Amino acid sequence: MVSQAVTIVLLLAGAGFFLAGTLGLLRFPDVYTRLHSLTKADNVGLGLMAAGLAVQAESWAAIGKIALIWLLVLLASATGAHLVARSALRKGIKPWTL
Amino acid sequence: MDVMSLAANWTFDGLLALALLWVGWRVLASTNLFKGIVFFIAFGLLVALSWVRLEAPDVALAEAAIGAGLTGALLLAALSRLRRRQDSAQASDQPLDAETSRTARLSLGTQALLIVFSAVLFVCLGTAFLSLPPLTPGLGPQVAEQLSASGVTNPVTAVLLNFRAYDTLLEMGVLFLALVAVWSLSPAPAQLVTAPGSILISFVRVLVPIVVLAATYLLWIGAYAPGGAFQAGAVLAAAVVLILLAGENTMPAGSTWPLRATLSLGLGVFVAVGMSLMGMGRSFLDFPTDQAGNLILLIEVAATVSIGVTLAALFLGGQPQRGSPK
Amino acid sequence: MTVFYLGLALFLLLTLFAGMWRILRGPDDADRMLAAQLFGTTAVAILLLLAEAMDTPALRDVSLVFALLAAVAVVAFVRLSWSPTADNTRNDG
Amino acid sequence: MTATMAYATAGIGLFVLGLYALSAYTHLLRKVIALNIMASGIFLVFGAIAHRAPGQGADPVPHALVITGVVVAVSATALALALMLRIQAETGQPRLPDETSD
């Protein structure tokens, strides 16, 4: 029962980050701020969900696979965010200011 | 199944099916072609989820690698070549941003007729689907019956490489012919001029070995679980595409014969196995039960490598030029 | 627990639909591409949840393929369509 | 059965949408994308038919056919795109010649 409670808490927290990431993608004013919100969903949201599901996993191999999936998404989102931000700067898109 | 989970399942499937239609419509109706392509990438993702829901994880794997990864990259590359040539051909008296003029050539009457025809077709096809006999066992039981003689325990792999091996052989032929046709149309256009940057290079260096490992895993596990040569080949192709995208120059220098040999490996091994079975007094591709597993694995390894390299070569969009300078 | 997993997957599917608005609106190509990248991550999470809900561990492999290829579309976009010098490239195709 | 019906309907709808776009639009990239949408629709109908027999899982034969189809579709797409670029190089327009002339 404890493990189920842990899973539920972690999954709900992860879903919250996905919601926040999507809201940020929709509401933030420019490409840099949107990158910021979106990478939160990638990193923290998926991380919490992966942790929550790993608690329920049937074997160590399954836990390893879930961890690998999370690490791969981390790598992809960090690289993607860097590439998009660098291109945006070089294209002369000005970061949003108040 | 209790009411709650039944309701959750129905809601999920209903929403996903509606989303498929809406996104499919947006893919086709977006005035901006780039927008349409991004919708298409999202569409591929939803299709992969649908295959999961239809209990077809093998197809979901293939769709995830091809629909959401490779096709998107192919379309983006084609669009950027189109736009660049339009930019360089300023002399053209035709409107350059022709992407926005979509159905201008059709009169309103023709368009209305087309819409009515589409609606009638939809109703006819829907009725045809509904009038299918409801309880067909399909070929599932037959496959299950013969599975022990196929050399593998994953029924989809058994169908692909044993029961219907001719399909797969001819499909390798289709891939090969498609590449021959693409090569005969034009030399591979140079498309990358900016430096990739150290982060992209390190990313590719870290990721590609993991992708190759994952492709091997998918190939191996395909004998008894969802996976197999096509999924592994598609994943491998994505790795090669990443390498090509990280390079400053897409042209492989030097002799092209190792490339040509790799491209024909899958088809060659497939035919060679079939022919040697004929030499042993059996029919073409009629595997002996005790050796079927090994022969299938041999064919699949060759097919995976060929599929991966062929799909990546198709992405290049033309024949690589020998020793082309940077 | 199955209903909980399925409900969360449904919730993530809904956030994915909400993200479609960014593809519709843009304004820049990069904004649309960001939405596609978020969808990829969301699909990974949905598949991990469905693997539990449908009791099909093979779905983790589908999720693994999505995670492996998450960067392909963005890298293709940045390198082919959106590079800063895309306007003065050689054209020998 | 209900879920299967939903995907079959979506598949048939996508096929019809794609057919409409294939006939209505002149830009060849749109036509290629429309063909891909049609193919996805057909595959989904296959998947729905494979999933109709209740209780005993899905039929593996249509799944194998669809996997073959997915790979053929992507190679056909690549060939179609190369043809489109060649047509554009020859005529200056990504359209079929008889749809280009004014």
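As written, the chain order gives the labels A, B, C and D, with residue 1 at the start of each chain.
We adopt the following convention: contacts are C-beta pairs under 8 Å (C-beta built on N, C-alpha and C of every residue); 3 or more make two chains touch, one makes a residue touch a chain.
None of these values were measured; they are calculated from a predicted model.
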Worksheet, complete the sentence: Interface with most residue-pair contacts lies between B-D
Worksheet item: What is the distance in Å between the mean C-alpha positions of chain C and chain D?
Response: 21
Worksheet entry | For chain A paired with chain C, centre-to-centre distance based on mean C-alpha positions, whole Å | 11
Practice prompt. Between chain A and chain B, tell me the centre distance in angstrom, where each centre is the average of that chain's C-alpha atoms.
Written response: 27
Worksheet item: If you average the Cα atoms of chain A and of chain D to get two centres, how far apart are those centres in Å?
Response: 32
Practice prompt. For chain C, jot down the residues that touch at least 2 other chains.
Written response: 33, 35, 40, 64, 68, 71, 75, 83-84, 93
Item to complete: Would you pick out the residues of chain B that each touch at least 2 other chains?
Response: 9, 16, 53, 55, 70, 79, 81, 85, 186, 189, 200, 203, 207, 210, 231, 317-318
Response to the item:
For chain A, residue numbers touching 2 or more other chains are 72, 75-76, 79, 83
Item to complete: Provide the full list of chain pairs in touch.
Response: A-B, A-C, B-C, B-D
Worksheet entry | chain C residues touching chain B - in the complex, by the definition given at the top | 2-3, 6-7, 9-10, 13-14, 17, 20, 23-24, 26, 29, 32-33, 35-36, 39-40, 43, 46-47, 50, 54, 56, 58-59, 61-62, 64-66, 68-69, 71-73, 75-77, 79-81, 83-87, 89-93
Discussion item. With touch defined as at the start, can you tell me which chain C residues reach chain A in the complex?
Written reply: 1, 4-5, 8, 11-12, 15-16, 18-19, 21-22, 28, 30-31, 33-35, 37-38, 40-42, 44-45, 48-49, 51-52, 57, 60, 63-64, 67-68, 70-71, 74-75, 78, 82-84
Worksheet, complete the sentence: Listed in rising order, chain D residues that touch chain B in their complex are 2-4, 6-10, 12-21, 23-27, 29-30, 32-34, 36-37, 40-41, 43-45, 47-54, 56-68, 70-72, 74-79, 81-86, 88-89, 92-95, 99-100
Practice prompt. Give every residue of chain B touching chain C within the complex, in rising order.
Written response: 2, 4-5, 8-9, 11-12, 15-16, 19, 23, 26, 32, 34-35, 38-39, 41-42, 45, 48-49, 52-53, 55, 57, 60-61, 64-65, 68-70, 72-73, 76-77, 79-81, 83-85, 87-88, 186-187, 189-194, 196, 200, 203, 207, 210-211, 214, 218, 221, 225-227, 231, 235, 238, 241-242, 245-246, 317-318
Worksheet, complete the sentence: chain A partner, complex, touching residues on chain B are 197, 199-200, 203, 206-207, 210
